[in-house]
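Below are structures written as structure tokens.
In the two assemblies presented below, chain A is common to both, partnered first by chain B and then by chain C.
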Partner chain A sequence: MSALGGAAAGGEGINPTGTVVGIVILLVSIAATYALGFSIIPLIGIIIGGALIGFGVHFVPVGGAPAAMGQAPGIATGVAMLAAGAGLAGLFGGAWAYEATGDFAVAIAGGAVGGGLMMAITCMMVNATYVFAMGIPAASGKVDKDPITGDTFPAYKSQGTEGHGLPFISFFGGVIGGLIAGLGGTLIYIELLEIYHVGLPAIMQADAAAIEPLAISMAGILAIGFFLVNAVLAAYNITGTIEGPHDPKFKRVPRAVIGCAVASAFCGFISMLIVLNTGM
Partner chain B sequence: MTVKMEASEGGMPHNTLMIYGIVVAVVGTYLTYLNVVTGIAVFSFFGGIAAIAALWWGSDTIKHLCSYGLGTGVPSAGMVAFGSGAIAMIAGTKFGLASPIVTLILAAILGAVIGYIANSIINMNIPVMVTSLMEMAVVGAMTMLGFAAMCTGTFMFSGLVVGGMTLSMEPSAGAAGGAQTFLVTVLPEFAGSLIGGAALAVIFFLGAMALQHPFNACLGPNESQDRTLMLAIEVGFLSMFVVAVMSYAFLDLVSATVGVAISLIGWFYSYKQYIALSKRDAYDWLDAKPIREVGGDQ
Partner chain C sequence: MEEIVLGIGITALAGALATVAGAAEDTESDIGSQGDPNSQVQLAPQMGYIHRIFNKAISGEPPAYGAWCVIGAGVAWALMQINYNPALAIILGAVIAVFVQGIYCTSGYLGRTASLAKFQQPVYIDIIKSLTPVTMAHSFVAIFCTVAMCYLMATALHHPFALPLLGLVWGIALGAAGSATGNPFYGKERQYQNQKFGAGVPISASGNIVRYAEAGQRSSLDNGWFTTKFAGPASGICFGLIVFLELWRTVLFEKMMSGWGAIIMGIVLILIFTFIDRWIEVWGRKTYGPYGTTEEASS
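Take a look at the complex of A and B:
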């Protein structure tokens, strides 16, 4: 009875071969989209949105199971769950703002505020639980001094732990992460909606107003799919826990940005096949 | 968090399991086409069986992938499976009768690209990463396609996006004799459909929960393959039951009731089996009775 394989070797640094192949996949996706006669502007938006999600997820303080036991700082759940929560809250906020105003900038801002708000509430309630229910002070294990407030941590850190609670820098990182991830998710949703808004009436020979609910639902479901793919890729890059922007693991962020951009480009290309006229 | 996830070795080889999973998933999805051939929708439940076969195979794939210690928890694998599967499934249904096959191929390609990204760009360096994420994407797509076919009775794009027909009556040009005539046109209604009403999002998370739960619940030093897979079937039937209830909105009363009956019978059987297997693997167990309420002043 043993683990089937060894430990994950999530090394530091960028793998040059993989990155070059990835960029080739990205360019081929854009070229294939252009060759099939679609506009490449929405795909560029999707790629930017995916990269923003990958970037934003790294700010979110994720503690996982150790945090639930007060042995590591951060919010006590996995990266994918937390990112999905923040991103979907942003997505709903942005989708509602787009429906109500039809304005691109307002919708993007609405998505960012939705994601940031969700993370701010989560971080506040997590800290309330840590401090008032579990009785533990906030102390980071990775840095001695909070970069923003200047609070010192070592005197408050329990022995044998990697720190605990949610220091201000982690709270700050969570809100920034929610803002960026919510913005990226909303950007993907709006670009997908643009594609289906134009594409679906054309292939189904239907009235644009009648097909509106279909375009919205389809863009929404696919935006959730895009979001989860990007969030999980970012989670794989983090491998476990991260405290926020001051954590040494934050230096891995370029890999996730490249990876998420490539994944979004390819997924975006597949999602455009839906409005390709196959004659069926 | 570097928790070592222990998984058992032995049991049915993974490749055999994968072949059974793919064959039953594809054949089951195609069997829902009997609805079109016979004109009655009672064969829809085969979609649920197809989805359970995919989940059964996917639970074993998750076991292989997560035993490497991803550090992100088992549920993340279920999420990436359905995230990529949803994209492949919606794109795949466009291809008419070939939809299940095209969905499978599209999902495999998408999963391979995501696996390559995770392995080489993100630098995970896990040997089974590409094949596992490829399988996960296929599992996600086939589960969603199976449940969608069960819910609506068809696996084709037109059936998934058109909820019903509404008649539109417009007064036409006055006919001779002054009689009022109407121009009646049939308009498809999109908001009441599986995708248009976003019911697919419910199927998305029903499947994702059923996929990520079994290994997450059974992992540990005492994990055994048949128990994990029986739990996968049990949760699969539970998700199938919810899909069967949803299908009352899309199918006739008899067909939806057949789905509900089959999923309930399957769930009861697999739940009993799972409890029996859990007792077999347990060191000891105590059949705790509920606390008796003693009435009166005692």
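Take a look at the complex of A and C:
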């Protein structure tokens, strides 16, 4: 029960009706893609990429405004913002690697490492700020003991707060979140690029080499759009702040994965319509 | 070989530009009170604490800087298409983006402060006049450096993304790095300077921000002066490291093991930062020790 007497919001459960509606939308999007003569393989890649972004965002320790006052652990910014920052740094690396090598696996791994590296540096600087500039040790508010290092937290939590800084499990979550989100974003970019690489020269009746910059730009901007759609959906699922994989809110992750997959399927279908050859 | 040497030089220059951009971004967001700590600036009048702090959280820093950098990069790109000199095009792009930022600042301050009218928080015209140009100047530095860095990536390092797209990607990353590193220092150390050092702000103290300076009321310029001592440079180092190492690992190791060299180096860097982070965490626990009870602390 909430303070206002209503039912508690934001629980861990999955709404069966909503899930069925979502799966229907997902299947209709795939069927419509197939019916219009597109290959469904890129759409499946986009759906997997979107689900990965939604999954990855839940690992990122985000404390929002309370973290900026040392009132709660995590990074002092918004969930969607930080995940987007990390994922886009990954997308930058992945797109570059794909351009240079043309190898799918290298590009995907490059995107993942780019996102992970951005989060590793950011999380380290957050802890440096808390420890060296503010004199505050890291302490989790959700668990008494770090699941990885075994550090205990209750004695290191200052009075009247829910903890502060980034305990090692949160740092670990941040890096894993950056890796997964960067991987998902790059996967979506590559799938979109494959679609536009073939589709745009056909509908514009132009040379593929001349259209290449347009295809890359469209795939890039839509990949950023997909990233924000999925990161914001995941942020709604998290409702505010999360400490990382040890946070009880992490149990909500299946709901976000379903939601992100459905949204990515529909958005993926729309993004394919751009290159629909109507014969006009 | 020559290509790699040029690449390393460009990487170093891009890293330096990113460092300046990060420092300017965080200082701008602290003077303008753009990030998460602005929740307290907005809350204070509702708790009865009238203040003269700038209040312009237009949006989170990442989307705000994403928008401003993409405007700067887009205008610069358009001017370069009609054969403007790149340096001039980037300056003009940054200037136009800064005017957009200034408009957002003014409407942000007026809108947010006017919404506090029922709590007797006045709209101070002199704050708009004196602080908006300061935030615009800092954001000019941040946008110019970011767009210049993106230009280097697009032309000298041949990244496939067009300049405006790079502006959006790195603008969002700039805001994410700056807000993550700089916000706690501004939020806890400056706004709650009246609370104990070395502890988080008790939730019961929310809204009771420091409103007075050595002489008269505290201005947001004082906040900029304070946060440039740590939060600005730390944000600069954070963003500079991200850009420099991302480019460095790619430029130097891309050709090794058919592309896997850059990935292995990225994993090695992640592990190095993991060890440094763990060392910082352990150092903090050992140096400061656990918090005592109130009786122990007072004795």
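In this text, the second predicted complex is superposed on the first by the 269 of 280 C-alpha atoms of A that agree within 3 Å, B and C clash if a C-alpha of one lies under 4 Å from a C-alpha of the other, contacts with A are read in each partner's own complex, and residues count from 1 in each chain.
We adopt the following convention: contacts are C-beta pairs under 8 Å (C-beta built on N, C-alpha and C of every residue); 3 or more make two chains touch, one makes a residue touch a chain.
This structure is a prediction, so every number in the text was calculated from the model and none was measured.
S.K.: Based on the shared chain A superposition, would you classify chain B and chain C as clashing or fitting together?
M.R.: clash
S.K.: Just chain B (first), just chain C (second), both, or neither: which does A:M69 touch?
M.R.: A:M69 sits against chain C, while chain B stays out of touch.
S.K.: In the overlay, answer first, second, both or neither for which of chain B and chain C A:I44 touches.
M.R.: Neither chain B nor chain C is touched by A:I44.
S.K.: According to the stated criteria, A:L233 is in contact with first (chain B), second (chain C), both, or neither; which is it?
M.R.: The answer is first: A:L233 touches chain B but not chain C.
S.K.: Taking the superposition as given, does A:I30 touch the first partner, chain B, the second, chain C, both, or neither?
M.R.: neither
S.K.: Per the contact definition in the header, classify A:P213: touching chain B only (first), chain C only (second), both, or neither.
M.R.: So A:P213 meets both chain B and chain C here.
S.K.: For A:T17 in the superposed arrangement: first (chain B), second (chain C), both or neither?
M.R.: So A:T17 only meets chain B here.
S.K.: One more residue to check, A:C123. First (chain B), second (chain C), both or neither?
M.R.: second
S.K.: By the touch definition at the top of the document, which applies to A:C267: first (chain B), second (chain C), both, or neither?
M.R.: First partner only.
S.K.: Using the superposition on chain A described above, determine whether A:M81 touches chain B (first), chain C (second), both, or neither.
M.R.: both
S.K.: Going by the contact definition given at the top, which residues of chain A touch chain B in one complex and chain C in the other?
M.R.: On chain A, the residues that contact chain B in one structure and chain C in the other are 64-66, 78, 81, 84, 213, 217, 220-221, 224.
S.K.: How about chain A: which of its residues touch chain C in the complex?
M.R.: 64-71, 75-78, 81-82, 84-86, 88-89, 91-93, 95-101, 103, 106, 109-110, 113-114, 116-118, 120-138, 149, 151, 155-168, 171-172, 175, 213, 216-217, 220-221, 224
S.K.: Which part of chain A faces chain B closely enough to touch in the complex?
M.R.: Going through chain A, the ones touching chain B are 1-15, 17-19, 21-22, 25, 64-66, 72, 78-81, 84, 204, 206-207, 210-211, 213-214, 217-218, 220-222, 224-229, 231-233, 235-241, 255-256, 258-259, 262-263, 266-267, 270-271, 273-274, 276, 278, 280.
S.K.: Using the touch rule from the top, collect the residues of chain B that touch chain A in their complex.
M.R.: It is residues 1-9, 63-64, 67-73, 75-77, 79-80, 82-88, 90-91, 94-96, 106, 110, 113-114, 116-128, 157, 161, 187-191, 193, 195-198, 200-201, 204, 221-222 of chain B that touch chain A.
S.K.: Give every residue of chain C touching chain A within the complex, in rising order.
M.R.: Residue positions touching the partner: 35-37, 39-40, 60-63, 158-162, 165-166, 168-170, 172-173, 175-177, 179-189, 191-192, 197-206, 230-231, 234-235, 237-238, 241-242, 245-246, 249-250, 254, 258-260, 262-263, 266-267, 269-270, 273-274, 276-278, 280-281, 283-285, 288, 290-291, 294.
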